[in-house]
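Listed below are the structures to be examined.
The following pair of complexes shares a single chain, chain A, combined with chain B in the former and chain C in the latter.
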Partner chain A sequence: MANANNTTDDVIVLNEEGAKFGRAMLIAGLVLIAVGVGVGLSFDTRGLKGLLHSYLIAFMYVLSLGLGLLWIVIIQHLSKARWSVVVRRVAEVLAAGLPIVCALGLGIIIPMWLHNADLYIWVDHELVQNDHLLHHKAPYLNVSFFTVRCAVYFAFWGGLSTFFLKTSVRQDETGKAELSGLMHGVSAPAMILFAITLTFASIDFLMSLDPTWFSTMFGVYYFAGCIMSGHALWALSLMWLQSHGHITTSVTAEHYQDIGKMMFGFVVFWAYVGFSQFMLIWYADIPEETHWYHWRFEEPWKQVSIALLIGHFVLPFLGLMSRWVKRKKVSLAFWCIWLLIVQYIDMFWLVYPNGEAADRVPPSALVDLTLAAGMVALFLGSAIRRAAGINLIPTKDPALSDSLAFHNI
Partner chain B sequence: MSDEESKSESAMDNTEDKPKSDAPTTANGEPLHGVLAEYHTPKELLAAAEKIRDAGYTVWDTYSPFPVHGIEKAQGIPWTILPWLVFGAGCTGLTVGLGMQLWTNGVDYKYLISGKPFFSIAANIPITFEITVLFSALTAFGGMLALNRLPKPSHALDHVERFNRVTDDRFFALIEATDPKFDDTATRTLIAETSPHHVEDVPADTRSENLPKFFTYVAAFLALTALIPLGYAYSVRGTTSTQPRIHIVPDMDFQQKFKPQRGNPFFEDGRAMRPQIEGTVASGDLQDDSHFYRGKVGKAWARTFPSRFTPNEAAMQRGRERYDIFCVPCHSVTGNGSGIVAQHALELAEGTWIPPTNLTLANIKQQPVGELYNTITHGIRNMPAYGSQIDPEDRWAIVLYVRALQRAQAGNVSHVPAAKRAGLK
Partner chain C sequence: MAQITHYSQWQDAPAGDNEFAKITDAVVRVVETPRPPPAWYMAFALALSWLGILQLCIGFLFWEGIGIWGNMHPVAWGWPIVNFVFWVGIGHAGTLISAVLFLFRQNWRTAINRSAEAMTIFAVICALLFPGIHIGRPWLPYWMFPLPNQMDLWPQFRSPLAWDVFAVGTYFTVSLLFWYMGMIPDLATIRNRAKSTLRRFIYGALAMGWRGSSRQWHRYERAYLILAALATPLVLSVHSVVSFDFATAQLPGWHTTIFPPYFVAGAIFSGFAMVVTLLIPARQFFGLKGLIEMKHLDMMCRIILATGTIVGYAYAMEFFVAWYSGSHYEGFAFINRAFGPYAWAYWTMVSCNVIFPQMFWFKKIRGNLWAMMLICIVVNVGMWFERFVIIATSLHRDFLPSSWGYFIPTPFDFLVLMGSFGLFFTLFLLFCRFLPIVAIAEIKSVHPAAHGDH
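On to the complex of A and B.
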């Protein structure tokens, strides 16, 4: 109100430098993934089993970023948020990187079709026949149904993210206020379906790594990490755009502070859910459930568990608490990068220590990190390409002026 | 507007006519609370606030129907210390929550719950968390009130007619007469410079700022009454009574059904419990095999196992399992009577404890199996009966296992099968 900016003197379309960077990312992503897979198949002594584990971690990691941003877009429409309008397009663009992430999911599904049970033991038909418990779970945990479910998830996420970006861009062109209403209307059922698909996807891809283990909070646990890291990537992307001369006056410390608040909230939420899941299992002390934690509380995973507790909760909780931390770009960027790293460690911690020690594969820093970097680059490259030629701000959104003038009290 | 201005000017003129006194007064000669200026937009208010701030006033405030962005800065209000108070309260809550549980569960009243450690962080986090939140939230709320000196039961501005619109569409600034810089003329000139739409003298509040006495009395009375149940509970603590206890929450204590040992007017004899019909036996109650069901052959304790029970390996394993469940807590795994219950009772040293019998003593060894069976069924002296929990078949299995324990105590190498002797060394 008092010091309302306007977007007229701002660069709101991706400049040449940005577009070039997007292309470079896309190529770098493809090359890195190819190198990761190549190394995994040739030099890596862990063999295919190791490669598949590394691949799954990287996949679940980028998926969490994409899903986090998709959720961010949905919730802004659902709550008719006004503060976020000016920064929403960037989230829409990032979420629109989801289709390519979903395509990467084939790397998990195809080995399954070829009866490879390195990752998911329930793919092994013979084993399932002889295991009473798995036999009973077979109607759900089987390759065909798994494939159908994945097709549903991928179609839904890809379609939804594209819908939001396209509709929002259409509003830029036509200026129709009804489009806001349309997106608001879609966001409500979308949120319910999002919750269901995310929950089942986390069960399918992560929890079924140990098909005898179950936790009803698992989906929420994965969700908490998704949303936290989604916000971190969102803030970093805005900073990157601003440092390259885009949207420099429209996006202010006020918007960063709000993104920081959400991030802080989900740091706490992750700890809340993670602890609740642990405490229920600890209290009941039933062997069917406790083994999952036992594996993670034994050396050397114990260190990783402690590192997660401290790095994913204690430090960012204290670090992000103050107001100024969220308003200063340097400090906020520090915590965004920090949280993006711990989110990776979380995925790493969920995937590797499954099964008895003898049945596990050890991590391989080279393959793990090459694949993760490759997939992130591919994801970002694809998102940046979708940003080419469109406004970085939803210029015709009816609530844009409110968002530009937004102030934290 | 012009007439409003002239009104305020005339107000000033009037004050000059009044006999000079130290305390500033309103036009009507009432003691002055402060000078109130009215604005129409937040922008005007912000500009005025900056002027007043720069003039060095300290005892003054602004009033608006909604939070005005940047008003803290324009007024020069320092950043509140409330966050630090809340942080301190949070840390206190954390310590209190953890400390309380450490004391109650880990030191003062150790109570074993499903084999968990007495003091364990995992179990204590929920309560610690809640107390941390409770302390922080109460401090945030109470601290906000205290720092703002709220609630104020009465305020001088309550009596200003125009001020009512502050909850609607008007913005005000008030410089109080107690401000050290307050000066009857200079202050008014300053306010005029901020171009207000209206200026008004606010007479001092004649009513006391304190809560009416009535509230204090009621609060004190309620506080005292609240102590009565506590005091009563304290005074009867540890005493006995023949009266039935008071049911504050009746739960399921009283139900629309007939319980054993109670009356029932429906039957002629007025009893709720029905005697067995003469000449009948309830199904499963025909316990005609005295040896098997009561451990007796004729009038004497049976010295052999009943024919319906086969003492084999499976029965021995079953007996061991049942013994471990039902007898071990008192008689211990070896049967020597030092089970965990016995140990704990000795630790408490209350002097009333009869220790469980050592089952491997000669006199127990000499008891016929039927007598041991009977002890399990009906209990003996201080030992409770287990007949209702353990099937006859299982009772015999336990007897068999007790016999094995007794033999094991007196065992030597020659009892071990030759093939397994090597494994002992």
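On to the complex of A and C.
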């Protein structure tokens, strides 16, 4: 077969160096998270409240990467995409890092069980009883239902990402074309459930930080950032694999260009969603909604808001527009790293400035960044471990030859 | 390999196995045939008579005033705005198919893009009619445009209604350019085959001197790509701006942040349904079943299913947040929508837009022309009701119970809506008769015969 010839020259199984790196990442991740939590509990003057905020930002950040990659896998199957077949396995492997990310969610849920209301004031039973609005929302915003919902989200995301990876790997072994049909069939209902779970997870973890605020667009806003940063991590992972001698000939500038296009598209989509949400609230000027933005337009958060506008939209919009930028690894890598940073800033901006200034905790660069680095390392380490021993490209996918021969015209 | 063909020499359907010649013949034959099928005459007579009724209604409207419609307080925005939003929505499929699907390399679009683009233009014309006749002073519609004048009067730029003028105007201009530019090579083909001087002159003028040289093709491809890239944000922006007309207000039921993408998804949904509604009979009567295939219709049904489900997501989100917000007024607006005097309209909308399209999960339904046609008409009804529900149910019970009312349309409302369909179908039938319904050059580029050497 023509495709087999093309791929045999390539190293398509993770080499020893890669496997070693995966183990190192896993250990580094655990150590960094332990250090972050340790510092947060001991030296950090912000106390537990500060630690929980730092933890939530890191968690929502790494979750957005995992969900972005899971969406990428689903949409390739749903649209029966052929260009992406050769790069799809890497996305499947990365998405399969989701179970460990979901396990990190316990760090948010367990304090709730211990009646800690540092993050979510609606956990405070007494407050809820005396506050009309919180009392109204209590059937939804309560610890038991929150836990049930999280269990559903985590089971679904973990199960789905594992299903796609396992089925795809099984196709490598059996060569059955029907498995592509199975994954296509699963992808349609999976997309609907994905949309619902992602929306409500973003409402639960992020929007309910300020339980008085509401926006129907919020789920779409978080979604846009997820997909954008998922593509960025996907491209970077491919580059990392190639620089370590894997899949060097199968993956070409054509595939990078297409990933770059999607990234560009979601940079614009994020801006569209973010602008629409802001503009409509600003224009109608209803105090129940505007306070959320007021907090973000006061010093020092004003600077972060402006930085987001410029860094999350204006600069990458201009930077990613040209064709060559998306085809050259150096320039594409630059924008991938850039977008992964601004996605973090976005989560930071969503989490910290909630509530009146007196009730807030300030950021702590040390704890914030240690936890974020730790969780990303843990996520990547777990994904690389799942890549051990399996092919880095779906060798028996019926559309592989189309993907290898793919050219942007 | 390349064989020069003299189109003008053809008399009958080309013999042999030249697939390209057959495609050209199948499409151009529709234009060249002396008499279109009887169904065309019947449809055209019907469409033209409704266009006549529309003109009479507008004439009477200008004579008598807006009072002939059901517009009242508190539903001052009656059917004219419903119809406007409905038609703008219909006008989304064409540019989505030609621009967005082009960028996503969906080659199947070549079978349908031309007719969908034409439909887009005609739908936007129908849409533009309504703000023009709704202003109450039909001699002053130019006030909508920022024209310099000695009284220093300008449109209110802070109003989303003024943004609409620009959004829809830009969309119309770009769609028209896109449609016309795409047609130039095909118009040249008709010119080359023309037998009468008049025909050669008219199509020759429209073809703007197209000779099909490689340089011309090169420029054509560049221009197509650039127009596609420019048109893509427009697909999102037009209906987003239309949604701002409502969402910037403080009115419960209108003011919700998900409106822009929700309107865009709904517009694509209704536009695709309209394309299917038009193409099923068109391919039947003009013998284009070989070009507009079942698999293309199947793809359209999938997109209708996907966008219908997104619309369902938006309905659900609105309801959830209306409760979650804890806002008394938000909650009332939605309870009133689903269980108040307009519950019949709300549930019509939900069943037409969310429940019925779920039938497209089944391959059998996506392969059955009658089922497809029926569901697509149902979707169009549902999408009209969506705009009616948004406008009437949010307005009819406002903050002051003493001013509550119930909007009842007059016969003129019905006649003008039906008349706008007359205008739409008249234009579309003329297009089917005189212009190439399928993009000949584009469909050839994705035909297997074009890739024979691979």
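Note that in this section the second predicted complex is superposed on the first by the 404 of 409 C-alpha atoms of A that agree within 3 Å, B and C clash if a C-alpha of one lies under 4 Å from a C-alpha of the other, contacts with A are read in each partner's own complex, and residues count from 1 in each chain.
Basically, contacts are C-beta pairs under 8 Å (C-beta built on N, C-alpha and C of every residue); 3 or more make two chains touch, one makes a residue touch a chain.
Because the structure is a prediction, the values reported are computed rather than measured.
The superposition on chain A brings chain B into a clash with chain C.
Once chain A of one complex is fitted onto chain A of the other, the partner contacts of A:407 are limited to chain B, with no touch recorded for chain C.
In the superposition on chain A, A:116 makes contact with neither chain B nor chain C. Contacts of A:331 after superposition on the shared chain: neither chain B nor chain C is touched. In the superposition on chain A, A:140 makes contact with chain C only, while chain B stays out of contact range. In the superposed model, A:167 lies in contact with neither chain B nor chain C. Touched residues of chain A were counted for both chain B and chain C, and C has more of them.
In the overlay built on the shared chain, the residue A:283 is in contact with chain B and with chain C.
Once the two complexes are overlaid on the shared chain, A:395 sits clear of chain B and of chain C alike.
Within the superposed three-chain model, A:242 lies out of touch with both chain B and chain C [touch as defined at top]. By the touch criterion stated above, A:217 is placed in contact with chain C alone, chain B being left untouched. Judged by the document's definition of touching, chain A residues 279, 283, 285 lie at the interface with chain B and also at the interface with chain C.
Residues of chain C that touch chain A in their complex: 105, 233, 236, 240, 244, 247-250, 255-261, 309, 313-314, 317-318, 321, 324-327, 361.
Across the interface of their complex, chain B is touched by residues 1-2, 275, 278-279, 282-283, 285, 407, 409 of chain A.
Only residues 83, 132-133, 136-137, 140, 188, 192, 195-196, 199, 203, 212, 214-220, 268, 272-273, 276-277, 279-281, 283-286, 288 of chain A touch chain C when the two sit together in their complex.
In the complex of the two chains, the chain B residues touching chain A come out as 42-43, 46, 67, 69-70, 114-116, 122-123, 125-126.
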